[in-house]
């Protein structure tokens, strides 16, 4: 119950922030991105950290979420929550499909297959006039702001709720029989199978949940930017972020991706405001390589070691 | 609307293109196909080769010669990479899958971003006497830059195939992928052999990078589409097959060329990745794999 | 690589200038007027963007030498969007919320401006357009004013298609990239083509990052089209001209070109050299056209451009970017305010005087009277900057008010013409 208490307090705090006057709009604009990465990192970790299947195709799921939202918005003027739900469902379906791939493919083959999914989907979207194709689509935000002062503030709070929700799901997966099964798969899939773990079923569940959460992270993006176009939505840099943040934070526990995402995404936003865009990728890339080589357990592992040594 | 003429010309162009794709994938064929190293950074090194060629070319040297001159440097880079990978990942066997992949993926992005920081996002090209004109045979036109790339590709494939089948080190490289223990018994040090192989794979990237910038303009983000093309060729060929790489390259090149002509260039990226996915789903060991 | 430096120069450049002004100049009220924008300084549009930026900086210096706007110094804040539309929403949010600028100028070109249109409309902000094409058509923002000399697609492609018809061409090939600008223009042209009885021999769209046009050029050649209309961005223009040269279009082509961006940039013209000959393409200004004050401006511009190692000719964008500054100046001085609504009102109702002639706007914020020309490249030699300064290298063939010569057809003949 401690988790429920702390997360509710956090949400209340963020809600208070969003309705407070006098706070610069940019805080919410940047904060949205940080929260989005909390969701992405947590989602990636469910499959990558717990099960050991490295998904490079993160942008595909984000894009499915975003473009589903666009279609729902354009066709039936669906409200934000319906867009998010739709995005999550379809991205989850993609996750299921990708999960079926794991039947035949391991290790790097699985990862390369996920990259293939990104490019194939991107090409399809590029040729789809209705959502703007390669040119992109300008979108007008609806006037409905609930009780917030601006649309960005509302999106910020919505994303905060989604972040807490995804972490709660990851926590549940981790502590349940699903989590144990996934860890068994990561350590040795054959051994797990031999000892009776229903490996296919839990892999499929993990893929679906992971994909759905990434879709949920992507769904608010068209409204966030009032614009959508394929090349930035399908940007492969999302993969390096979504995999770097959990690895840097620590993949074995749900708090790892949260730490990684909050630290790195905040750093990135500060860097973007003051210096340049490229440095974002460089920071994550270099830190990723450093951690992978020196501290494979991530920040969590470093904390553990420090605690042990100071006893 | 699609005359036999056009399709024939597209096929011929596809052959030129295919050999080019095969040549840029040869390095990956060795590193990943033979040695099982998850060398996702290969396309990024390819682009790096192109940029180095661009720099050297400014001194007036012909781009092909530049590529050849860069090979020893890339050989050393390759050895360095492998030694690092071996020390850090292969030796400590736990969890190498995720970490090794993450390492190379991270390196690929670091290389790409450094290129952007140093050179900017602008496209770069090189100039040479054979770039810009074509060979006219009847009503057909074959750009000389493609013919040059074609020539280099064939030479490279030929040289590598001979090397791997006729020399001791070459055969040892082929063997180390199959049975390391047996190789050790034969008196060769597998780690040293793998190192040499990786060095060769990376040095091929130097000349392949030169070919890339001869064939067209290069920009830092190109490594992403080439992940699809090179892995498609390697997987299609089947791990461990050199001559298979050439055939696979031709399949990809011709398919891409014909798709570009019939459906339009917007579908070109999907061809390599689509073929890759298809192959992985249906026959992961490739056309000629072991 | 010089982004950091550029940003510092951008933000601090005005400051440096202020400190070097004669001591007689004093600015009332401490706070400067901040004008902010992003400009593509690298990437496909970079060559044009860098030149345009010099035009704007010249205006900032000129206005500060005159005492600034409303007695306050003008501070100019510029970022580099790298010709990438994905970067502009974030940059403009930063400009509005973090840098807190008073006035916004759009980045050069349609494809990087399109993403920010919904945002400026929602926030009710004035945006001074910068050579975009039909970017406000769907959003319908009422505080948008575009400096570009074109109106709609009809005004653009009409001249080209007319010339083709006069030369006897009956079939046409059209290809365009899948970008906002290229598609806007191509679709407009397609409408005219349909309604004026052309036979469409080939019609294709290609992805914006395509670098190899051999298969397209080959198909165009095989289609035996007699006119070829192209809508493309700078990188593509260069690749297409090289491909045309490599593969050839066939002797039946009367006229080629139309909407190729980039062939107006000095470095591109100088780089392509003789490959340009025969192409009929749009432009905003070529030597020989008379606008008040433009020749002086170009002289001053060339000095600065040579020092900055940027396009030394500066025909296409710099004068129009200087004009943006002039329009801001006139509106602010007339309304004595920086209030966006009042400025927009003034701009809508009045004709502005600029170094590229008088500019007035229609209800969509586009030019009421287009001033676009179609010109044919002739007798261009390789590796020569100065050849472009004299009239005769880009011969205006349309409209008749600016006409400098008749178009030479067929295309092959025009390529060799002297």
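Order of writing sets the labels: A, B and C. Residues in every chain begin at 1.
One rule holds for everything that comes next: a contact is a pair of C-beta atoms (placed from the backbone, for glycine too) under 8 Å apart; a residue touches a chain by one contact, two chains touch by 3 or more.
Fair warning: this is a prediction, and the values are worked out from it, not measured in the lab.
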item	value
Of A-B and A-C, pair with higher C-beta contact tally	A-B
Distance-maximising chain from chain B - centres being C-alpha averages	C
Chain A and chain C: spacing of chain centres that average the CA atoms, whole Å	39
Between chain B and chain A, distance of the C-alpha-averaged centres to the nearest whole Å	32
Residues within chain B bordering two or more other chains	117, 266, 269
Per-residue overlap in chain A, given as positions that touch at least 2 other chains	126, 134
Residues of chain C whose C-beta touches two or more other chains	82, 84, 178, 207
Chain B residues touching chain A - in the complex, by the definition given at the top	32, 38, 40, 88, 95, 97-99, 101-103, 105-107, 109-110, 112-114, 116-117, 224-225, 227-228, 231, 235, 266-267, 269-270, 272-274, 276-277, 280-281, 284
Interfacial residue positions of chain A with respect to chain B in the complex	48, 52, 54, 56, 101, 104-105, 107-109, 111-113, 115-117, 119-120, 122-124, 126-127, 134, 236-237, 239-240, 243-244, 247, 278, 281-282, 284-286, 288-289, 292-293, 296
Sites on chain B touched by chain C in the complex	3, 5-6, 9-10, 13, 117-123, 132-134, 141, 143, 215-217, 257, 260-261, 264-266, 268-269
Chain C to chain B touching residues, read off their complex	1, 42-44, 46, 82-84, 178, 204-207, 210-212, 214-216, 218-219, 222, 235, 239, 242, 245-248
Interface residues, chain A side, partner chain C - complex	24-26, 29, 126, 133-136, 138-141, 151, 225-227, 229, 231-232, 235, 272-273, 275-277
